[in-house]
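Heads up, the next two complexes both have subunit A, just with different partners, subunit B and then subunit C.
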Partner chain A sequence: MSLKEEMAEKAQFYPGETDIAENRRNYMNPNYELEKLREIADEDVVRLMGHREPGEEYPSVHPPLEEMEEPECPIRELVEPTDGAKQGDRIRYIQFTDSVYFAPIHPYIRARMYMWRYRGVDTGTLSGRQIIEVRERDLEKIAKELLETEIFDPARTGVRGATVHGHSLRLDENGLMFDALRRYRLNEEKGVVEYVKDQVGIELDEPIEVGAPADEEDLKERTTIYRIDGVPFREDEELLQVIQRIHELRTLAGYNPKEAEGK
Partner chain B sequence: MTRERPRMLERKIPEGAKPEVQIFPSRLLSAETTERLLNRIVEELEDHIRRIVIHGPGLPKYVPYGPARGEPVKHPERRPIEVGGTEFEMKVQTGQIVIEIEDEEALDEVVAKLEEICEEELPCDFQIQTGRFTKPKPTVTDYLKFGEKGVEEIDDRLLGLVEPRARLSDRVAILKGRKKDEGD
Partner chain C sequence: MSAEEKLFMKALKEKFEEDPEEKYTKFYVYGGWKQSERKKEFKKWADKIVEEKRGGLPHYNPDIGVPLGQRKLMPYQVSGTDVFVEGDDLHFVNNAAMQQMWDDIRRTVIVGMDTAHRVLERRLGKEVTPETINEYMETLNHALPGGAVVQEHMVEIHPGLTWDCYAKIVTGDLELADEIDDKFLIDIEKLFPEEQAEQLIKAIGNKTYQVLRMPTIVGHVCDGATMYRWAAMQIAMSFICAYKIAAGEAAVSDFAFASKHAEVINMAEMLPARRARGENEPGGVPFGILADCVQTMRKYPDDPAKVALEVIGAGAMLYDQIWLGSYMSGGVGFTQYATAVYTDNILDDYVYYGLDYVEDKYGLAEAEPDMDVVKDVATEVTLYGLEQYERYPAAMETHFGGSQRAAVCAAAAGCSVAFATGHAQAGVNGWYLSQILHKEAHGRLGFYGYDLQDQCGAANSLSVRSDEGLPLELRGPNYPNYAMNVGHLGEYAGIVQAAHAARGDAFCVHPVIKVAFADDMLVFDFTEPRKEFAKGALREFEPAGERDIIIPAE
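== the complex of A and B ==
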């Protein structure tokens, strides 16, 4: 084993013994392949985000990097730019709202997952929504993965650019998360959810189908949310130990760093 | 068949105030269910009800902010419903229904009846609580809206119903010939 390999630490991603902790680890781990549950056409992903028309050229904010004279910089030599950065794309975003009712993933874990899995992203966590900002070309690839795989559920996850309210509200009668702008509806004949507006609430010419909502049991298996009516976090001994240790160290170090020594 | 339901979070009723019953369903109700439920409540408990308040998340008419600001939302749940022969527009999606009861002695009877109605009309589980959920005395907003004299003169069922920025006529419906009010 080379020195470099020996020194490299193995990422543990997240503590915990429960299925919830396992899901959190899986979603964060870039070597774990997210299970694909539905097919959404590239064009539909573009329409859903509403940043450009499908087929339209990518607007740019600077010439391609190749044509630019960049200053000499060791970091620039070290880091390979992403596709979008090479082409000088604009920075664009997609934002998700995750219901507290067993959504497959939730904002904090999304943030950690994005940072582990994707390059060149800027993400922001808020109580009820999670935004990811990235070069347009890269964004489309990322958004497609986020929408097609197991971390998305048509009923409990919403693509919402603005007016995101709903993550902590009771669900509608038909099981969909409340949306004041009603971007999506349940097509009862087909049993699938379809978006009739893009992420900011502008009406689409044609609805975009995003598949059928998963049933409650399935969601409880896939979720990353500890809940009293699912798996309560107090049942996870290991997780509690880690959290309590961090809490103790932070408190001691904040109060009197000497106290934290050797702990 | 009625299930055993604990009357959770029983709240104290302030002295001199009328009691209220709150229906708290485990899902947000559609306009259709709300209409059906309210009609049954008004029909079967008319003599006991002073007023009904519908609470819930608001359904905006136009997109409030973002790039689509000003576009009509066209939410299918924001529509007129008819209760006891009076039509009014639902501007919220029903989360809670608070019913003020005229006579305290009839409280148990009303709760039993409401449980029966909810059992039949609601597609989901629910809780029924008794106590006081709205303000029994005039609020600062009421004084600002109606003035000191107005508050004394106005029907006290209209007090404490409306937010500072909303218009009373937009939010309150008076059921015909019954002198009962609905507000959200």
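== the complex of A and C ==
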């Protein structure tokens, strides 16, 4: 083992002794392969986001980096640009709403997962929505993974650029999360959810199928939310202790750093 | 506690058709905005206005924008009352009681009388007696609402427009109080329970203050900083008149100096240039001062939860709806955040749970304000709050925004720590622990701007050093991290009040302000702000500052 490897910090990702904590660790850990559950065509990912037409050239905001005369800069030498950055792509986004009713992933876990797994991303976290902004061609790759794998559920996860409310509302009779713009619906014949509008609510020419909703037990196994009807937060004593410790150290260090010594 | 005993159960059953524990419902079937009587009324008015007053220029149209009412447009129970209202009725523009609460704070200025009396006696050789003070007060009650006292040819203000304007006296000098005409005195011994009256009289001592209430209508046209200037001008005129002083004499400037600087107590501090407002605007009202304006403690001294909850309701309305929601932002969004803490008895349930927990385990204000107590109480109350949202989907839907839930859980946790310790700093530290617990439990908290302060707040919660912190009582909306952040400020005021209510304190920061707002001539009843808001929502509240008498009758 090299000295560098020996000295490298071993990422723990997240504390906790429950399945919920384990799911959080897995989703954050870039060495954990997210399980692919559905296939969504590249073109459909593009249509769902609505930033450009499938097949259309990527609009750019600057010339390709290799055509630009960039100043000498050690940071530029150290950091390999992403494909989108190299090509001068626009920065665009995909935004998700995750239901409190056992959606597979939730906003702050998304944020941490994105920061662990993806390069060149800017992410923002709110209670009812979670956005990731990336150079456009990089975004399309990331979005595909976010839609096709176990962290997405057609009924409990929504792709929503605007009018996002729904994460905390009761579910409709089909078990779908509320969406005031009704971007998706359950195709009862096929048993799958299909989007009829893109993420900002513009109608699509053709519906986009995103697969069948998972059953409740499956969702409970995949989810990252602590709930009294799933894994109660109260039961994860290790996580509670870690949070309390963080709080105590922040408080003491802010008041007087000496107070936090040895704690 | 059984489900039926939950304080929020009545509201949840009224708001939704389904059982509050039911996880599934129907959407898109309620008729959109037409399910709301209030929105139908708005539409009718808008159509009329467009035709009659706007020459066809569009106005309100609920069919524009996001489709309103795809889900149940739920009513709200004003907490602590049996009144159900529509959400629209709790926007301050639609609620005269809310406006008046702020009017009554903004138009209040307190000026000490002792400097002026010393000038009168020592420099001008005048005698100051209870009789002369009564005469002065009579003069002031003529001048303050807009009566002339010195010049013989002077415009004056219609008394019907300024009926709410007056001046009274507060003193801890009981001998003087006995001799002041009752109508001019805010009588501490009559208005407060004996134990609280003793504290207030001791704190105020032998000093004498005049409490001045400028006309509401002046606040509507001018601003908060007008108030102490208006007061100072009329005080100086009244001294000149009542004590027969030469109007141009240099000594008169001492009255002005005392009234504008040396002896004036404004309800709010001036704000810095980037939030430029003068004195007596909401952004400058410290939490402890707001808590002192609210009078629940003297009416319900044995119910510290209610005392804190009324302050939270008042604070959410003033700081979130009026200050952040309008002065600093504009529009309609902030009401939705603010109402979460004073509707549907959800916060009430959590706060009473916390009160019971600490009473059983520690006793009121009997625990040391140490980290073990903060961790124990804040964790337990936060977990209880989160579990209610999880057990009752109707409660989760009622507080459909994460910021609402974060504010409610953290307020309950903070108040409970304050109940246990009698210490507001410990209370606010409990608030911050609650926030990060909540964030990790649900994997979400508020919006970007909401929870930024909660993720770093612990570090400054115990600091009182310049530029780093202050005792919570003296922090306010202009405190660095708190400056643009809905769903916190009223709750912080409630934590201050919770600590002092648990200790049995008659006031939090300022005894004279506490007494000034006990006066029953105020238009808004500060003993129960939430009840007043409900009256406003029902359109039963009669405000001041109306101008019907100078406009054509409709």
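In the analysis below, the second predicted complex is superposed on the first by the 263 of 263 C-alpha atoms of A that agree within 3 Å, B and C clash if a C-alpha of one lies under 4 Å from a C-alpha of the other, contacts with A are read in each partner's own complex, and residues count from 1 in each chain.
Keep this in mind: a contact is a pair of C-beta atoms (placed from the backbone, for glycine too) under 8 Å apart; a residue touches a chain by one contact, two chains touch by 3 or more.
The structure presented is a predicted model; accordingly, all values stated were derived computationally and were not measured.
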Exercise for the section: Check subunit A with both subunit B and subunit C modelled on it and let me know: fit or clash. Expected result: clash
Practice task
Quick one: classify A:234 as touching subunit B (first), subunit C (second), both or neither.
Solution key: second
Practice task
Check the residue A:165 against both partner chains and state whether it touches subunit B (first), subunit C (second), both, or neither.
Solution key: both
Practice task
For A:34, select first, second, both or neither according to whether it touches subunit B, subunit C, the two together, or no partner.
Solution key: neither
Exercise for the section: Figure out whether A:181 sits in contact with subunit B (first) or subunit C (second), or with both, or with neither. Expected result: both
Practice task
Would you check which partner chain A:204 touches, where first means subunit B only, second means subunit C only, and both and neither mean what they say?
Solution key: neither
Practice task
Considering only touches as defined above, state whether A:254 meets subunit B (first), subunit C (second), both or neither.
Solution key: second
Exercise for the section: Examine A:173 and indicate which partner it touches, taking first as subunit B and second as subunit C; both and neither are also allowed. Expected result: both
Practice task
Please work out whether A:106 is in contact with subunit B alone, subunit C alone, both, or neither, and reply first, second, both or neither.
Solution key: second
Practice task
Between subunit B and subunit C, pick out the one touching the greater number of residues of subunit A.
Solution key: C
Completion exercise
Among 99-107, 315-323, 369-377 or 531-539, subunit C clashes with subunit B only at 531-539
Fill in the blank from the handout: The intersection of the subunit A residues contacting subunit B with those contacting subunit C is 163, 165, 169-173, 178, 180-182
Completion exercise
As the complex stands, subunit C meets subunit A at residues 18, 22-28, 66-67, 70-71, 371, 375, 379, 383, 386-387, 390-391, 393-394, 396-397, 399-403, 405-406, 429, 432-433, 436-437, 439-448, 456, 458-463
Problem - subunit A to subunit B touching residues, read off their complex - result: 50, 161-163, 165-166, 169-173, 178, 180-182, 185, 197, 200-203
Problem - Residues of subunit A touching subunit C in the complex - result: 24, 98, 100-101, 105-109, 124-128, 163, 165, 167-173, 175, 178, 180-182, 224-229, 232-234, 239-240, 243-244, 246-248, 250-255
Practice task
Spell out the part of subunit B that touches subunit A in their complex, as residue ranges.
Solution key: 25-30, 33, 57-60, 63-68, 71, 73-77, 93, 95, 123-124
